[in-house]
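In the two assemblies presented below, chain A is common to both, partnered first by chain B and then by chain C.
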Partner chain A sequence: MKRRDILKIGAAALVAGSLTAGTAAAQDTIKIGASAPKTGPLAGGAAVTHWPALQLWVHNVNEKGGIKVGDKQMKVELIEYDDRTSGEEAVKNIQRLATVDKADFIVAPYGTGLNLATAPLFAKYGYPQIAVTAVSDKVDESAARWPNSFWTLGTSTAFAESVADVLTTLKDAGAIGNKVAVVNVADAFGIELANAGKPALEKAGFEIVYDSSYPLGTQDLAPVISEAKNADPDAFIAFSYPPDTFGLTDQAKIAGLDVGAFYVGVATAFPAYVGKFGASAEGVLGAGGVNPDTEAMQAWYKQHQEVTGVGADYWASPVMYSSLQVLEQAIERAGTLDKAKVIEQLTNGSFDTIMGGMTFDGNVNRTFWTVGQWKDGQFHGVASTGLDGAVAPVAKTGW
Partner chain B sequence: MNRPEPHEIGVGLLAALAFAGIACLPLFDDGYYLSLGVNIVMYAALCTAWTLFSGPTHYISLATAAFFGIGTYTVGIGIDTLPFWLLVAIAAVLSGFVAALVGLATLRLSGVYFVIFTLGLAELIRQIVTWVQTNFTTGIGLYVFTDFTETHIFWMLLALTAAIFLTGWAINRSRLGFAMRIIGNDETVAAHVGIDTARAKVLLFVVSGAFIGVVGAILAPRFAYIEPPSAFNPMISFQVVIMALLGGTRRLWGPLVGVIPFTIVFDAVSAQFPNHTSILMGLAFLAVVYLIPNGITGWIETAYARLRGGAAQPAGKTRWIA
Partner chain C sequence: MEIVVTGVLLSGTYALIALGLTLQYGVARIMNLATGETLVAACFGAFWFFSVLHINPIASLGFVAPAAFVINWFVYALLLRPLVTRASNRGQLEVDSILATFGLMFLFQGLMLLGFGGEYFSYAFLAEPFDIFGSPFGLNRVVAFLAAVIIAGALYLFLYHTRYGTAVRAVAVDPVSAGLVAIDVARASAFAFALGGALTAAAGGLLSTFYTFNASMGVVFTMKALIIVIMGGVGDVRGAVLAALILGVAETTVASLIDPGLTLAATYFLFVLTLLFRPQGIFGRKQA
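The block that comes next holds the complex of A and B.
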């Protein structure tokens, strides 16, 4: 291929871009912009939690004829960009959605860092930013700084303290003793959870017999498990990320780490987890949770599989879907695509979602699931900050 | 150092005009095109700084992410206590210092050893930063909240790019630049005529690294939230090499020719085919390496030489003239 041809293709792509942007300008659809990882380190998580839930919501809204705005039924048109898990790309994509595509609304990005990096732009252009996959102890600070931003998934401290609560329940029931091994991945969420979790465990009267961290991206987790096993704990807690959540479980199974409570972090709630470990996953505790027993949730999980072809996770997927339902209802109540009016609805309203009601208190959702446990192939919430439907945790019995 | 020649003054004036023109961009658009502009200027600065060292020496450095991350982290750690400009200066000193250490340790190595070492460097520093944060601080994400807007960042990067060009031009005219050209052509010859090759290379690596550190520092306010994986992202190192090679590293302005079309086309491709960007980019990289190994500027020069009936410049022998 000659260089001229390459340039021609490039030029054609540019022209095509401006054309498609132009034809969509006729306003009988609502343009929803979305920028999240399709490549890069966070692409795997986004492919489970972010994109399918969004796809399902667009499908459902258009299936029923659209969103009712005033006396008009408006269908939804989705504009997707890949931020390649990079801050520069994310910032540029949001700018493009706001100023070139002139999207009516923009779905919040995936991941804590990218949500914070793009927050000033959401604020600048006045878009509501309903962040889901952003767990941090700074949510209140962020909400105060950007009054157009809404935070749905909770704080790291709540997640970590709930782990101590669940272990206390198990201890009080006589299911486990008080010796705990705690490990964490040396990265943002892992460190925040460990820093909050360890004092909470000690306060609850647990003795931390092994405490260690491992670098992000560690491949060989056998030493971590064998050292933890040597400390002879009654419970094992890992504030881990998806690859190590799988790796640690694998090693624990191989080494026969027999504890009454086995907790691993992010991705325990993924369908791939039970897919890989099958019956061994029974009784494993992890971050997140849902109440999968309600009719609404059962129907939703079934539909998620049918429409998107993949299973939803038992933590952030339904929250992601709920956040879009919240946006949909806020638009309907505002009766207009005026962003400021929609934000006003979000600030004060109460919304019906597949997970039940959702309201924002100071722009932060205060009720969320914190710990779940695999039972009969489903990940049930065992602890939350005030949600209904939690089941009692049980001791893990072997692998 | 000689006085500038008349035609150089002309080029300088033209360049100054061009920079002034580009600096007006934020007056016309402060949305997407400014964002794209920031990305282009950022890579222009990174690639030109990279070419300062890698152009004349032919050493492929993958340490860009390391210096960039050091700059970003300096601002992230100090933003609540020190003024921004001081942090930018500290970032330059720190990355320059690390470049000196690395240079002293590795620049006697050649070729592939150097490439691998620099690739590992970014990862090493990322792990050290993580370790320090894990063991001595309470959190790992750093928040950088400033009043800088994209316009400010754009202007800072543009000024920095101008500074890199001026530095490159000055080096090129100095004894150091002359020495580098000889080293690039044949290191053995350079050593035999009495050039301290290691010293010259380390010096240039320090200058290049310091500039890259400053780019990272300037961009920190744009990220707002800094974590080791985003600050020390190895993709930055690779993209810089690819863009610089696409433009060609024989001339100081060569990378620009790569950066501008690459950023724009990459952006158009990822907007049109968000699900297939990786495949298309992989193909594009292969095409660049196979079809235009000396970059666009090299290709133009060869074509020009052929047109005049002269022999094409043999590959590998580099004239590096600003």
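The block that comes next holds the complex of A and C.
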């Protein structure tokens, strides 16, 4: 090939390049990046709470023609990455979404640790980070440190204190005595809840007759349950993660741990929980909750099943969906894809979601569900920090 | 007493997890890092049979284990045999097989994620109390334990009291000399690998009756199997069973009498002790 030919080809390539660059600038889709576990220890939770809600939102937005940005209707294009439940991987993904894919917005990752790990990057590139599945007492601190971050699901202390409140209600009604067994998984969420929950229980006049932690990933929980049972408690509380939530319930049922209040942590609100335990789940208390009785929620659960093929959980799934509705409305109000303007809308606005109104006070959503209970095959919120629709907790009557 | 029974039941589970690997590593010399994935795949298999076809998990072992046997035979013949022929010594084969099966692990995991997604699965089968010495234990665990005893017993009889079993053991001890006495080493290795896979799958089917599992969980089982196999003495069925028993009882004792938070520490403490005082494992022979 002659030198001149190479130059010609080079020039042609340049022209072609500038043309595609031109079309990209006048874009008509909004690129939404997402990085969350598809593999690794948190994949199980993310597969219930995170990905399907996101998928449903993208479906719904595109179905109605897109998000209205200024005078344009823009459809949403989703770019998904697996962070393999690793902080490093999550950081790399966010970096890639921001610099290579040039995503317009990025959905906050799944899990407290991964949200905290990626917060500095969200801040660096100026993306709003509406964190859902991040329950921590550090939310105010984080919100102050990264003004682009928003926290929706609540704090560990509120969750733990609500458990004490619910037990107090049951105790005052004469349904249970004052002996409690408390166990927790030895990992961030479990430790924080136990540390906040035990003093709250003691303050409320409960006697902690068994108190223990077990390592993350423990599948054999028979010793935990049998020791708890030997302490003869009136209530059993486990600040647990999904596999142990199932394992503890299984063992409690086999060992005949008959307590008036049986509380287990993450995954109690999953459809798989009632799927596995059926009628035995009746009366089990767990982290989170919703008000499943409103028309909006009922329609949403139905649609979730139809579009994604799986059932949504009764805690963080609808909050996850709501957080995306909040982002959508903030973009529409800002009338631009300018991230700083959208963040401004988020900071000051009030938003309509499937769960009702949501506002941020100091970048933190202050009203959320804390404790729920299985009743007639549905998980009803029994305690919240100021939301409507809570039902009264009842004592568990055997398995 | 309750502690001992719980521990023994747990050790049955551990023995199940480790038996397949001990055969694969001991005889075929393949350190199969995808063993946990094989186990989880069998969990899914049992789950599918139970929830779709309503076949109980014990009966579905009749489909799951032979299927695993065939699949593992193909895996060995197609993917691992070239490594075996290429390797100039045992060390090289071990390194190569670790890398190859590490890749397989991701492949299997990816396939399971595609097929079942990342969520947790569990179902209730025989989840009812069964009284031993006046304390209730899960019937599904008791059944899995009995199955572990039967499987380990059958494996022992096969390896130590049949002609082909002796040949398989000969390959484990010295493949070159085994070849000299007219044992088809290549075939025995493939057979041992496939049988190991079938055992792992049987373990998976049984475990699924009382474990909650998802597609990413294999590595947990691989770790446990590795510890037990190395503790017991590589390739020795008796060693694997004894190591499983020690670990199960020790973990339950620590969890009940000291603190459940220390079970992992107890496991690794025993592991380190074994490595310090009997690096070849409980039943292992010293390297010449």
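The rule is simple: the second predicted complex is superposed on the first by the 373 of 399 C-alpha atoms of A that agree within 3 Å, B and C clash if a C-alpha of one lies under 4 Å from a C-alpha of the other, contacts with A are read in each partner's own complex, and residues count from 1 in each chain.
The working rule: a contact is a pair of C-beta atoms (placed from the backbone, for glycine too) under 8 Å apart; a residue touches a chain by one contact, two chains touch by 3 or more.
Predicted model only: the values in this text are computed from it and were never measured.
A.B. asks: Looking at the overlay, what does A:Gly357 touch: chain B (first), chain C (second), both, or neither?
C.D. replies: After superposition on chain A, A:Gly357 lies in contact with neither partner.
A.B. asks: On the A-aligned overlay, A:Asn195 touches which partner chain: chain B = first, chain C = second, or both, or neither?
C.D. replies: first
A.B. asks: Between chain B (first) and chain C (second), which, if any, makes contact with A:Gly398: first, second, both or neither?
C.D. replies: So A:Gly398 meets neither chain B nor chain C here.
A.B. asks: With the two structures laid over each other on chain A, which partner does A:Ala267 touch: chain B (first), chain C (second), both, or neither?
C.D. replies: A:Ala267 contacts chain C only, not chain B.
A.B. asks: Which of the two partners, first being chain B and second being chain C, lies in contact with A:Phe246: first, second, both, or neither?
C.D. replies: It touches chain C, and chain B stays clear.
A.B. asks: With the two complexes superposed on chain A, say which partner A:Ala186 touches: chain B (first), chain C (second), both, or neither.
C.D. replies: Both: A:Ala186 reaches chain B and chain C.
A.B. asks: Contacts for A:Gln219 in the overlay, against chain B (first) and chain C (second): which applies, first, second, both or neither?
C.D. replies: Touch status of A:Gln219: second partner only.
A.B. asks: I'd like to know which partner A:Gly256 touches here: chain B for first, chain C for second, both or neither.
C.D. replies: A:Gly256 contacts chain C only, not chain B.
A.B. asks: Of the two partner chains, chain B (first) and chain C (second), which one does A:Pro41 touch, if any: first, second, both, or neither?
C.D. replies: A:Pro41 sits against chain B and chain C alike.
A.B. asks: Starting from the residues of chain A touching chain B, keep only those that also touch chain C in the other complex, and list them.
C.D. replies: 38-41, 186, 213, 215
A.B. asks: Considering the complex alone, what residue numbers of chain B touch chain A?
C.D. replies: 29, 31-36, 38-39, 42, 127, 130-131, 133-134, 138-141, 143, 145, 150, 219, 222-230, 233, 235, 261, 264-265, 267-272, 274-275, 277-278, 284, 287, 291-292, 296, 299
A.B. asks: Within their complex, state which residues of chain C touch chain A.
C.D. replies: 2-3, 6, 9-10, 13, 109, 113, 117-124, 127-129, 135-139, 141, 210-212, 214-216, 220, 251-252, 255-256, 259-261, 263-264
A.B. asks: Note which residues of chain A are touching chain B in the complex, please.
C.D. replies: Checking each residue of chain A against chain B gives 1, 3, 6-7, 10, 13-14, 16-17, 38-41, 80-82, 84, 86-89, 91-92, 95-96, 98-100, 112-113, 116-117, 119-120, 136, 138, 145, 186-188, 191-192, 195, 213, 215-216.
A.B. asks: Which stretch or stretches of chain A touch chain C in the complex?
C.D. replies: 37-41, 43-44, 46-48, 51, 85, 183, 186, 212-215, 217-220, 222-224, 226-227, 242-243, 246-247, 250-251, 253-256, 267, 270, 272, 276-278, 310
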